[in-house]
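Order of writing sets the chain letters: A, B, C and D. Residues in each chain are counted from 1.
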């Protein structure tokens, strides 16, 4: 149905934009092992994006590429947190920590969805996201406890990114209309907070006292970063309308 | 004539790409005075680009915007030095030092061109570029002599950018076919070297021992940086073909 | 006592208070806060517009936009100079901004999402700013008033340019028209709120008016502004997103819809869409420029020393 | 003397030399240089392709490209491991790369200008690499031979993917066809030069062949490769930029145009189009990752200490 497709689109968009951000690290990581690890994560997440977008597209007779390359900024439904720039390695790790704990809870729950396709995609995704989560946790602890410099950088990363936390948990019509199919983001918040608080404690870090941005990515109202990301992502495809690759 | 237009295009492209790079500094400079100064420089250089591109376009019945927004990467004729990323402030200053000394000599010479339009544009431009040159020289000296950190950063900037020096002085057909109209870049090299060597000496810096890149921007063969720059610069205009702004 | 009398007399006579003059501590503090907030607003206000410089859709528009954003840096500079005459340094003001202690105009915490926002910001945001600022050219504090004269001249130029951007869009393709209307929809209400809370909820305004820093109340200025844009929007062939807007002939005033003051307060408190981004960009520029400023200072010190020697 | 005899016997019998075995110092040095150069090539070779990951024109191609570039990081990792068995650490090898002392495959000093380069690099560059590497799977040094087995398996996969990119383009729009032909034009000659100078100008090859590190001469490998692509290009319906290319039935060999060895040498010396960019990117990643590696080391040290305690 159109509503299920809309929901799948939100999941696909988050994954697509995050994959695009993460893929930038390949050939730029602090060590070779991380080129591999971040590349793996990007690849996994791109895989999730493709599954969700392909599924969403079925309802509208569109391909994953139609949706990825031929929508305008205001048609994307991604969260602001995934749009945020990579920054230094610690910023990327904190973004991963915030998002992968969230996605892990979300996909786990979604395996129970009455929509079999969403459940099946999530069942595959949750295993991979579990690894992403572990990767982010290990690095958060390592950098939080590493040196004074690394701890300071992690505190800074938390301050930069924390304003985009509330948006993740906001229930929108797209969730509320799909009982037993979609997961209500608000229902994940307690578990998410418990988990991330514990990780931060292990890392010697704290939840920062920042404001919360009025972010409405689900409604197509995006941060100023998304336009640049899309310009780069779509430039080649758009130069060759109708071409196959 | 087509040949004069081709030549004007090379001048316009260098200025346009440089202006695009410089404009990125506005709101990001190390101090407010530099937001103003770098903004001024970007604005001047964009003005030169517009004059040269408008003139070039006359031969082909094209506007400055046709040329700026609707050519593909391989149709741009800019030098690699102007395509290089801004990097930190010192990298931008060294790029400015290299380019503005070059442009100052070039425009000075071009005021003698038999092509009256080129001479007139250059007469206006040379006064402005003289200020850009002075700005770059002052900062080179300040940062070269400032702290150990700033001197190290300036040495690094020189190493990154020096490989693109040879290309500036390579005579191409576009120059050789226009005797008394175009300036042969090779003819500027001695004066350029003398001047920049003196500035570097004042700054306690040296010409680095780097290789020279096989760079052929004049022939449409560009560094990997240009594609990204153009994608961003052209994205909005290209979404609205035929629109007026 | 004599000083205070002299100060009161200056104010009474509509004369200017100058830096060398004695002034009440609260007058100094009020001005210091107001002028520096104004300066901060110019600096932070560069960001939404800088967001479109590299993507401006024509070279002419790019050039105009660059000049405008650069002007704002200039306004910041001379407003900081005016504020410095009150005994606080630019570095201190900057520190207040970076630490989040100082405020700046809340409207810059909204993202500039499309090119049409360059028009809406020019027309509505600069328009509201001018309505606020023109009376400030007669502010009782001399350096502030004189700085405002320069600022206002350039701002009205900017406002016209913003209006022109919207005019071009409104006469353009359907997509352009839609873009223009969308930008107006997003900036209308925040621009009305730029004048501050309604008079009955604005306790500090009275004192500022008594000191002749402020010449008109928030609501008076808002009235003037909304009347102006209600006329101008007709030229654009677009609409303001306010079905209730009309001139009440009896009350002789413009009636507009209720403004969302909860959102206004939330944005001021740091919860606007772009607060975090705006402050971080400023901090980043400051952080990444540190080595440059240090080197410049070291060089200047060496030069000073060698001149002495 | 006994050690040398044993080493010679291992080579004679086509057996493997293992890290614990005695080996001539020159054999060790040759291998150490060759394997680490190979590892460096994988690492630097990520860059031209990484240049198109964020802009790949379909999600499928993006995914394949990401996997490929990531494989290259993996190849680098196990080649460094093989090289480390010769007594030099990965940090030392890395230092040689960053300082410009160590070489890597020169072809990566050409920019990847268009999407079609992803095809040409896969088909021609990986193709030439495989032609070079397949015989290395039988290299006399055990860890190297075993690493090459893994590398070759993945590389042939990559080559097929590159060919498929070109095939899609060649069956696509005119612009796509043109893009594909242009990429082949640019990568043809550099890929032929990947096998190194002609045999009569390659003095080190003899010793490497005697040691059974190398199994075929540069020219033999080049012959094999050029014959292969001469056939494959027909499937693409495109051409190789070499009008002289033909099989000489009498000499039983492929004749190709003279290659520009001056350019080859210039690129090796650091004057290629992208040498400076490639090295600086690597240095930048190293520089900006320093705090991360330091923190990881500090954390590991703390952990080790607390385990002891």
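For this structure, a couple of remarks:
Basically, a residue touches a chain if its C-beta (ideal position, glycine included) is under 8 Å from a C-beta of that chain, and two chains touch if they have at least 3 such contacts.
Note that the structure is predicted; figures quoted are calculated from it, not measured.
Any chain touching chain A that also touches chain C appears here: B. Of the two chain pairs shown, B-C and B-D, the one joined by more C-beta contacts is B-C.
In this assembly, the C-alpha centroid of chain A lies 35 Å from the C-alpha centroid of chain D.
With each centre defined as the average position of its C-alpha atoms, the distance from chain A to chain B rounds to 40 Å.
Contacts with at least two other chains are made by residues 55 of chain D. Among all residues of chain B, those that touch two or more other chains are 227, 231-232, 235, 239.
Taken together, the touching pairs give a contact graph of some other shape, not a line, ring, star or complete one. Listed by label, the pairs of touching chains are A-B, A-C, A-D, B-C, B-D. Chain B contributes residues 73-74, 160, 163, 210-215, 221-224, 227, 231 to its touches with chain D in the complex.
Per the touch definition, chain C reaches chain A in the complex via residues 48, 51, 55, 111-113, 263, 266-267, 269-277, 280. Against chain C, the residues of chain B that register as touching in their complex are 16, 20, 23-24, 26-36, 39-40, 42-43, 46-47, 49-50, 53, 64-65, 68-69, 88-90, 141-143, 145-147, 149-150, 153, 232-233, 235-237, 239-240, 242-245.
Here chain D touches chain A in the complex through residues 43, 46-47, 50, 53-63, 66-67, 69-70, 73-74, 76-77, 80, 115, 165, 168-169, 171-173, 175-176, 281, 284-285, 288-299, 302, going by the rule given at the top. Of all residues in chain A, those touching chain B in their complex are 72, 227-228, 231-232, 235, 238-239.
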